[in-house]
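In what follows, chain A forms one complex with chain B and a second complex with chain C.
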Partner chain A sequence: MSAAITRAEVEAVYPRVANAVAQALARDPAEVSLNSRLFADLEAESIDLLDIVFRLEREFKIQIPRGRIIEDARGDLSEAEFENNGVLTAAGLARLRDYLSEVPADNFRPRMNIADVPTLFTVETMCKMVVRAMRAAGA
Partner chain B sequence: MRRRVAITGIGLVTPLGNSTADSWRALLEGRSGIAPITSFDPSGYPVQIAAEVRNFQPALDGSRRKLLKFASRHVQFALAAAQQAIEDAGVRPDPRSASRWACVAGSGMMGVAFEELAQIQRRLAPHGDFRGELMFKPGGPAPDPVAYGRNQANAGIALLVQCFGIKGYAGAIHTACASGGQAVGLALRLIRRGSADFALAGGFDSMINPIGLASFCLLGALSTDNDAPAQASRPFDLTRNGFVLGEGAGFMVLEEWQAARRRGARIYAELAGDGNSLSSYRVTDSHPSGDGPIQAMRRALEDAGADPAEVGYINAHGTSTIMNDRSECAAIRAVFGAASRVKVSSTKSLMGHLIAGAGAVEAAIGALVIHHGRLPVNANLNHPDPQCDLNFVREAEPPHRVRVAMSNSFGFGGSNSCLVLRHREDAGE
Partner chain C sequence: MLGDSGLAGKTVIVTGGSRGIGRAIVELFAAEGAAVTFLYRAGRGAAADVVQQAAARGHLVVAEQADVRDPAACAAVVERCVARHGSVDVLVNNSAVIRDNLLPWLEPRELSEVLETNVTGVFNITRAVVPHMITRRAGKIINISSVAGAMAGRGQTNYAASKGAINAFTRALAVELAPRKITVNAVAPGLVETSMSEQIRDRAGDRALSRILLRRYGQPAEVAYAVVFLASRFADYITGQIVYVDGGFKME
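What follows is the complex of A and B.
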């Protein structure tokens, strides 16, 4: 398990991440903050998430494999321990809550569908994704 | 009793102006929208002029602004024109009415943005052969995922219904230059048969790009009068030498007549008749006798319950090609009689040919003719072709009442569309 992501690392990438998010969602940069939820606050839809990830890859010259967040969150749990027919197990939910530590705890609902996980993402989630990809590229 | 259809909103984005008022004013003043091409460098092309939409700023408010990233140039025209039409009508889909709204649009003879295709080609064919798998290579030249949505044939209609919250019925018409007219005609039929009470109907296109221009150059269909752009489009003139490519969009809000009356809507005209035919003759040629257009015009008049003698104005397809102009004149003579004095003009003389958008824009012009009692001129008609001996509008005329107007649109592939519009006071409730 790699070292925890520091506030400084997040803040270093935030301005460019916020800009990419604002552009993809046609928002004024002032409407975007570190805590903005992509779906609920900024009215993203699924194709916008692809668009944001694409813009971040271009902006930071990094690779962000699709589905990486779920895979990382699962870590050393087996698939069966993590989910059951696309529904998160209690252990899976706990792992996800740890991994998405920037998301307020009450946003995680028991028996959440894996397909709904992106609705949890905030701008900070995107920042952390970028930091991890940059670390991986530097490694 | 048959349901009638009122035109209650009009929105235009044309080479003559980015609003209905600006476009209409330029038409009456005989101001040309044709000029040297600015959107790309046409050096080396035999044709270097077109009727471009100028100073266009796509504008959508609030959360709808995001839709613009899925919209290529011609779709941005469509969204802007549709927005104008809805505002002009003073009625829009709401949660109660949304399922009673339809959206029908004629669109994209070529729907894919050329620059995007070229970019994908550059990225995925580094050594000449196209290699699609490179898209998925780590660190490879992945194209923008949104480009997929932008380049679907139905991208325009999908964004229109999304943008305005339309939930009843959608149709995208692709019959080349007849598309816009047939879209409006189909919307008329949807309201008549009770499938919808409201329709956002129109057409949009832009082929002023390196491939679109080249295609028509290769067909030899365009005027090469690069030195005199404003005079290049000369429908029905003996010296004409081809059409001029235009771009833009036109949309109308159509409403079931009684409902429009009840809400006190301003009614431009009744959309009274829709006539279609197929020439099934040749891919790009029109039949010299006017066969095809003749049937479309007769069917539209019959559909409207109108007599040819009532028609005060025909907005001709009038492309400024010898083949179209002579065939269309033969058709008009066949329908209206050799002695007919019906006024005819082709507004393509000023705004060029909007291709899939033309039929809708020109039907809207027909509605404005009836509403204002003014006829747009057929510009550049200095030496009328003796084989086109119709009563053309060659100069501005004093205002007078037009009871019935007609708009013709004929497409490659043999689709012929004719729409008939009637003065609201003659609609006979």
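What follows is the complex of A and C.
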């Protein structure tokens, strides 16, 4: 496991991430904050998440592999321990809650579908995604 | 047409642009003032000829040798095009192959070549282009289907299946990209006078002509007109459609 992401690392990338999110969602940057939830607060759709990722990849010259969050959150759990037919197990949900520590705990619902996980993402989730990708690229 | 098509200065990618219908599409977009990049797999001479003739008319046309079956090659062509022109405004998925044979005799290679070029190839290049259109909230995708997708002849199970897939792909992608104002349509040509359809025209002869309401084969440019229309500003409100350019095939 790599070292925990620090507040300073998140804050360093935040302005450019917030800008990318605002542009992708055609919103005023003032409407975006670190803890805005992309879907619930900023009314993103799934295609907007793709747009945000494309913009971040270009802005930071990084690669954000699809499905990386789920893979990282699963860690050393086997797929069967993590999910059952696309539904998160109790252990899987606990792992995800740890991994997405920036998401308020009451947003996680038991028997959540893996496909719905992106609806939890906040702007900080995207910042952490960028930091991890930059670390992976050795930047 | 009704004046300015809005295509001048737009960036267009056409697959299979060195011959037949693809070449006609390349030439018509170039004549409208678009910057056209076309892909070709083989036939360097034919591709060079398209570029040379365009240059002689003062048109901007670039040829890229790439096999649409290779996703990495598709991504590289798209990135070079974006580096050159800053965006991709229009994608025309035209490249396709025919390997007709009756089903029991159909070689595995004849099935895989058709499906990999006509279907997987369309996925490959479209996946490389779409991110650029999504971030710009604009774009037009036109897939070249065929009447065979709805009404095929004998020995065309593989080709018909590939074009039926393109029709379904067109509708599904139109749904997916509509929130970003990207339109996705298909043009389904009937029998058009190209080298690709020569065997079919020779084999079917008068029988084929008798099934065409207008009693003649189409010209490549007549297909290109429909494609350029769907890419133009005149078609901003059209998406998820399959436009038949077939002279009224089998309507009698």
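Observations on the model:
Note that the second predicted complex is superposed on the first by the 138 of 139 C-alpha atoms of A that agree within 3 Å, B and C clash if a C-alpha of one lies under 4 Å from a C-alpha of the other, contacts with A are read in each partner's own complex, and residues count from 1 in each chain.
We take it that contacts are C-beta pairs under 8 Å (C-beta built on N, C-alpha and C of every residue); 3 or more make two chains touch, one makes a residue touch a chain.
Just so we're clear, the structure is a prediction, and the values are computed from it rather than from any experiment.
By the touch criterion defined above, A:R132 lies against neither chain B nor chain C after alignment on the C-alpha atoms of chain A.
With both structures placed on the common chain, the touch criterion links A:Q63 to chain B but leaves chain C unconnected. Looking at the shared chain after the overlay, A:R95 reaches neither chain B nor chain C.
Within the superposed three-chain model, A:R74 lies out of touch with both chain B and chain C [touch as defined at top].
In the superposition on chain A, A:E43 makes contact with chain B only, not with chain C. Legend: residue contacts after superposition of the two complexes on their common chain; A:F54 is shown touching both chain B and chain C. Chain A residues in contact with chain B (one complex) as well as with chain C (other complex) are 24, 26, 47, 50-51, 54.
Those residues of chain B that touch chain A in the shared complex are 63, 65-66, 68-69, 138-139, 142, 144-146, 149.
By the touch rule above, chain C contacts chain A in their complex via residues 131, 134-135, 137, 176-177, 179-180.
Every residue of chain A that touches chain B in the complex is listed here, in rising order: 24-26, 43, 47-48, 50-51, 54, 57, 63.
Within the complex, the chain A residues that touch chain C are 24, 26, 45, 47, 50-51, 54-55, 58.
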